[in-house]
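Look for chain A in each of the two complexes below; its partner is chain B in the first and chain C in the second.
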Partner chain A sequence: MNKFYIFLKYFFIIIWTVFVVAPFLWALTTSFKDFQSVNAGVTYIPWIDFEPNLEGWKVLIKSPAKGGVDIVEPYFNSLFVTCTASLISIILGTLSAYALSRYTFKAGFVKNNDITFFFISQRIMPPIVLSIPFFLFLSAINLLDSLVGLIVVYIVLLMPIAVWIMVDFFNKVPREIDETALIDGCNPYQAFLKVVLPNSIPGLIVAGMFCIIFGWIDFFFAFILTFTEVQLLPVKIVALNSSVTPWWSLSASALVSVAPLIIVAFIVERYLSKGNLSGAIK
Partner chain B sequence: MNFKHKYFFLFPGLFVLIGILIFPIIFVVRLSLSGWNSYNPGLDYIGLENYVRLFTDDPRFWESFFRLSFLSVTTVILQYVIGFALAHMVWKDIKFKRFFRVLFLVPMMTTPVIMTVIWRTFFHESLGPVNDLLSIFGVAPKWLTDPVIAKFTVIIVEVWQWTPFMFLLLLAGLLSLPKEPFLAAAIDGASPVRKFIYVTFPLMAPISIGAIIIRLIEASKIMDTVYVLTSGGPGTSTETSSFYIFIKGLREFQMGYAASMSFTYLIIMIISLTIIAKVLTKILLKE
Partner chain C sequence: MAKIDLSNISHSYNQNDPNPVYALNPFSMTWENGNRYAILGPSGCGKTTMLNIVSGLVRPSAGRILFDDKNVTDLITEDRNIAQVFQFPVIYNTMTVYENLAFPLKCRNFSKNKTDERVNSVAETLNLKSFLNSPARKLTADQKQLISLGRGLVREDVAAVLMDEPLTVIDPDLKFRLRRNLKEINEQYKTTLVYVTHDQNEAMTFADNIIVMSEGEVVQTGSPKELFERPNTTFVGYFIGSPAMNLFESEASSNNSVKINNILIKTQTNLSNLKTKNIKLGIRSEFIKIAQNQNENLVDVNVEKVEDLGNYKLITAKMGNFTIKSKVNRETEIPNQKLKLHIPAEKCCIYEDNKLI
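Right after this comes the complex of A and B.
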């Protein structure tokens, strides 16, 4: 029974590992192919099945005028929008989360939990519902197709995540530490900055990682709210897809653009049990 | 504690969020009462005409909604089962524990649309590896152009992409469980299966509910994957509500009608997610 269980366990893990890795391996081999080896039939192993070349990777750094793909600018745009929006969301979200965790609010029938729920419930909002008014509004104030417009929209996407994770994290940080700080003569802001925040770094890291993930992987708003002036990475790569099917450069650019977030996987794994993620979803 | 300071902490975030959101939401409601389209762009007032059209004369919207329910419920159930199994497997000591944990998280970190572009080449009918390997058995499913199979292709891609999120939440939950119940079970000599049914699963119930609800919320937004993988096709066989609203609103520029659809859709989502949450809480916590 026990041996059978262990066998089953490793069998399942191996199957899933193959499933997870398969598209990456396929993209990696495809990125070294050329027109001939893509269209002649399905091939897997370089040197044996097909002659590898670097054409797919070379077009990434060529200028568009010479037939290159030019993903450098979208790359930095994506990076800039994601990081700025995440940073703003984390700062505002953490402040609000701290208030909701430490103080009691009451305005009519609205209490702390309702305010927290209001923040989190923004995730329920289907993006399509907001896309049409955002589209019309941003075009009215000339922010359509600009980085600022995107950052504003992304704050709405990301702040709920920051609040969601941080409220429960602060609930776990003992109240005594800020009370001691207040007795020692700090004002509430100093207590927050010098005592509570340093004790909340794991929570901040988890919240930050989640913001970065959900900012970086968003396609929908970038697709609807930008056209030519500002291009984000996902939009750029999907646009490549619609042209003649240069699978090799497509694969290479896809790999380049998913690579940076793999580091995030390591960080998230590291802080898994320290970040109080399980407290946040109860 | 001091009275005034608390507002300085809460308000910046709250007001930014409300400030960004309030006008769009009011605007959607107002827009849904207008006949804004590409011939007649303006906020005229046509009453409930759009809603009447939606409820009496648009089966395509309701079909897309049921399709969306089918897709999201199926993917979330699959993700929950697989995610729980994976989390349970790498919870206790196995070889290369950290390696597997990181590896199982990776798909979630990749941009869905970009991976879907890769999946498209992966499932390509004549040049993709899946059909090449399946040709050994003499079958060649039309992954992207058969109305029935295309739905399952979408499900496969969604499961690949988002099982890691379920895995992450459930693993975090497993790691936070108290040790005592497991010690008690070990002393009683419970078998692994009984231990799972009577100890692990009940302890995980609240976390399971949370994780399922979060995933259902996110899964109900399925749109990018469908757009890139099949563009809603063949025909309308993989079209989801969001995608249909997108076509009506930002492709055909029937803004007014699209707004009435998105408002209806929002209300349905809020109601159904609340009901699902209540039902799940009852089922999982009573046992």
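Right after this comes the complex of A and C.
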């Protein structure tokens, strides 16, 4: 029975791994192929099945004038927009989450939980509902097709995530910690900065990770709110697809775009495995 | 250090409701400088609310708090200079033990030398010296609670140290030692200590003044002896002492005697001004002994069970439909069935409407 269980466990883990890894493997091999090799069917082993070349990768950093696609600028645009928007969302989100967790708000029938839900409800709405208002809003303040405009929109999209995660996190941080800090002689700001915040680093990391992921992978708003001046990576990658699909550079750019998330995942995973996340407050 | 006056304090957590529920009914009380107080009562009786009002975490709905005759009711916690220890260990996880203990001093800009000296002295008292440089989160639960306690004791100039059941998570052996340490600290530094607990033994051994609370009401304040021998209400009699006070429904039969099941019991209470017939006679089982050669205040009982509790024997017996408990020496031979017990008149307490007269 026990052996059967182990067998079953590994069986499903292997199936799952294949399911997850196969597309990456496909993209990785495809990125080194040329037109003929791609058309010759799905093959995986270089030098035996196909002759690898670096054309798909080189094209990514060549300027369009030399026949390249140059994803460097969109790449840094994406990095800049995602990081800035995530940072601001985390700062604002953490502050509002702390307020929502520790103080009582009441405006008519609207109370703390309703405000928290209001933030989450922003994410429940299908994004398409927001596209026209955002478009009109950005065009009214002249920020269409600009990095700043995208940052503003991403803050609106990412802050609910930060608030949601941090409210939950602060609710688990015992109120006595704040109270003790007050008794020990801090003012409420010091209590937050010196005591509550250092205790909340695991929560901040989780919230930050979610913000970065959601910001980085967003295609929809980046597509609608930019035209020619500014391009983000996901839009650029999709734009590669012309009459003849360049599978090799498409694959290469897809891999490059996933890379930062893999790095983030590794860092956070290390942090998680240290047990710092669960055992922060007891 | 300060004298703390609570004057007409009351508190409700839903003041703005049309029918507010009071967690704390109006009361006044003075805590003298340098004494040890215990606030004793069952869970949910308002003990913690009272502490939080003193420390400023809760602003009372009504009444004033004075520290050394200075009104601090509107002062925020950080300006009150008070220390509070909570039931469960509250430590700053990201700091070392030393930083934890030094935090209250750092917040108040004490000099480095002074901080060092105080932290070391407190760590000495609480056996934390060898851990000073380890991260606080690595310690066990009771060591963490010692840190909380240490943070409360590290400042010498506090108005009072408030402790909210601080020893709940600490094992019995250490608990006993710590209680003694706290007493020593109190005697040495003359710090006012206020100790909240629901454990009467803890209150009795720790404090020289006990405040008994029930359902938001301060029922009685007094020394352990007073609370034990002359409980103000039947609640106190019931709550303090183990076993609880014997209480019998009775009726007055003359100026100083009552009848229980038609047996006349003499007391030393003047019963001439009774307003109701609802009176009870209360007596501690410690004072009820097997009759020797007395000729009054005797009751015949049927022994139901005798428990040997190590240092004494507890007799549970029936007197008509009343149950009576008596504590006797463990050497005492107890006859099987029928027994004559003696109820000493000077130890009888008479309660009218559950209040002592």
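Some notes on this structure:
We take it that the second predicted complex is superposed on the first by the 261 of 282 C-alpha atoms of A that agree within 3 Å, B and C clash if a C-alpha of one lies under 4 Å from a C-alpha of the other, contacts with A are read in each partner's own complex, and residues count from 1 in each chain.
Quick note on the criterion: a contact is a pair of C-beta atoms (placed from the backbone, for glycine too) under 8 Å apart; a residue touches a chain by one contact, two chains touch by 3 or more.
Just so it is clear, the structure is predicted and the values come from calculations on it, not from any experiment.
Taken together through their common chain A, the two structures put chain B and chain C side by side without a clash. In the superposed model, A:199 makes contact with chain C only, not with chain B.
In the superposed three-chain model, the partner touching more residues of chain A is B, compared with the other of chain B and chain C. In the superposition on chain A, A:12 makes contact with chain B only, not with chain C. Of the two partner chains placed around the shared chain by superposition, chain C is the only one that A:176 touches, whereas chain B remains out of contact. Contacts of A:82 after superposition: neither chain B nor chain C is touched.
Put simply, if you stand at the Cα centre of chain A and look at the Cα centres of chain B and chain C, the angle between them is 90 degrees to the nearest 10. Shared-chain residue A:184: touches chain C; no touch with chain B.
Applying the stated contact rule after C-alpha superposition, one finds that A:30 touches chain B and leaves chain C untouched.
With both structures placed on the common chain, the touch criterion links A:226 to neither chain B nor chain C. Of the two partner chains, chain B is the only one touched by A:123; chain C is not.
The superposed three-chain arrangement places the nearest Cα atoms of chain B and chain C 6 Å from each other. Looking at chain A, you'll find residues 182, 187, 279, 281-282 touch chain B in one structure and chain C in the other. If you check the complex, the residues on chain A that touch chain B are 1-2, 5, 9, 12-13, 16-17, 19-23, 26-27, 30, 38-39, 41-42, 44, 92-93, 95-96, 98-100, 102-103, 105, 115, 119, 122-137, 152-153, 155-156, 159-160, 163, 182, 187-189, 192, 213, 216-217, 219-220, 224, 233-234, 237-238, 240-241, 247, 250-251, 254, 257-258, 261-262, 264-266, 268-269, 272-273, 275-279, 281-282. Note for the complex: chain B touches chain A at residues 1-2, 5-10, 12-14, 16-17, 20-21, 23-25, 27-28, 31, 82, 85-86, 89-90, 94, 98, 100-115, 117-122, 127-129, 132, 160, 168-169, 171-173, 175-176, 191-192, 206-207, 210-211, 214, 217-218, 220-221, 223-224, 228, 241-242, 245-246, 249-250, 255, 258-259, 262-263, 265-266, 269-270, 273. Interface of chain A with chain C (complex): residues 174, 176-177, 179-187, 190, 195, 198-199, 201, 279-282. If you check the complex, the residues on chain C that touch chain A are 55-57, 76-78, 82-84, 86, 88, 90, 92-94, 103-104, 107-108, 137, 141, 148, 151.
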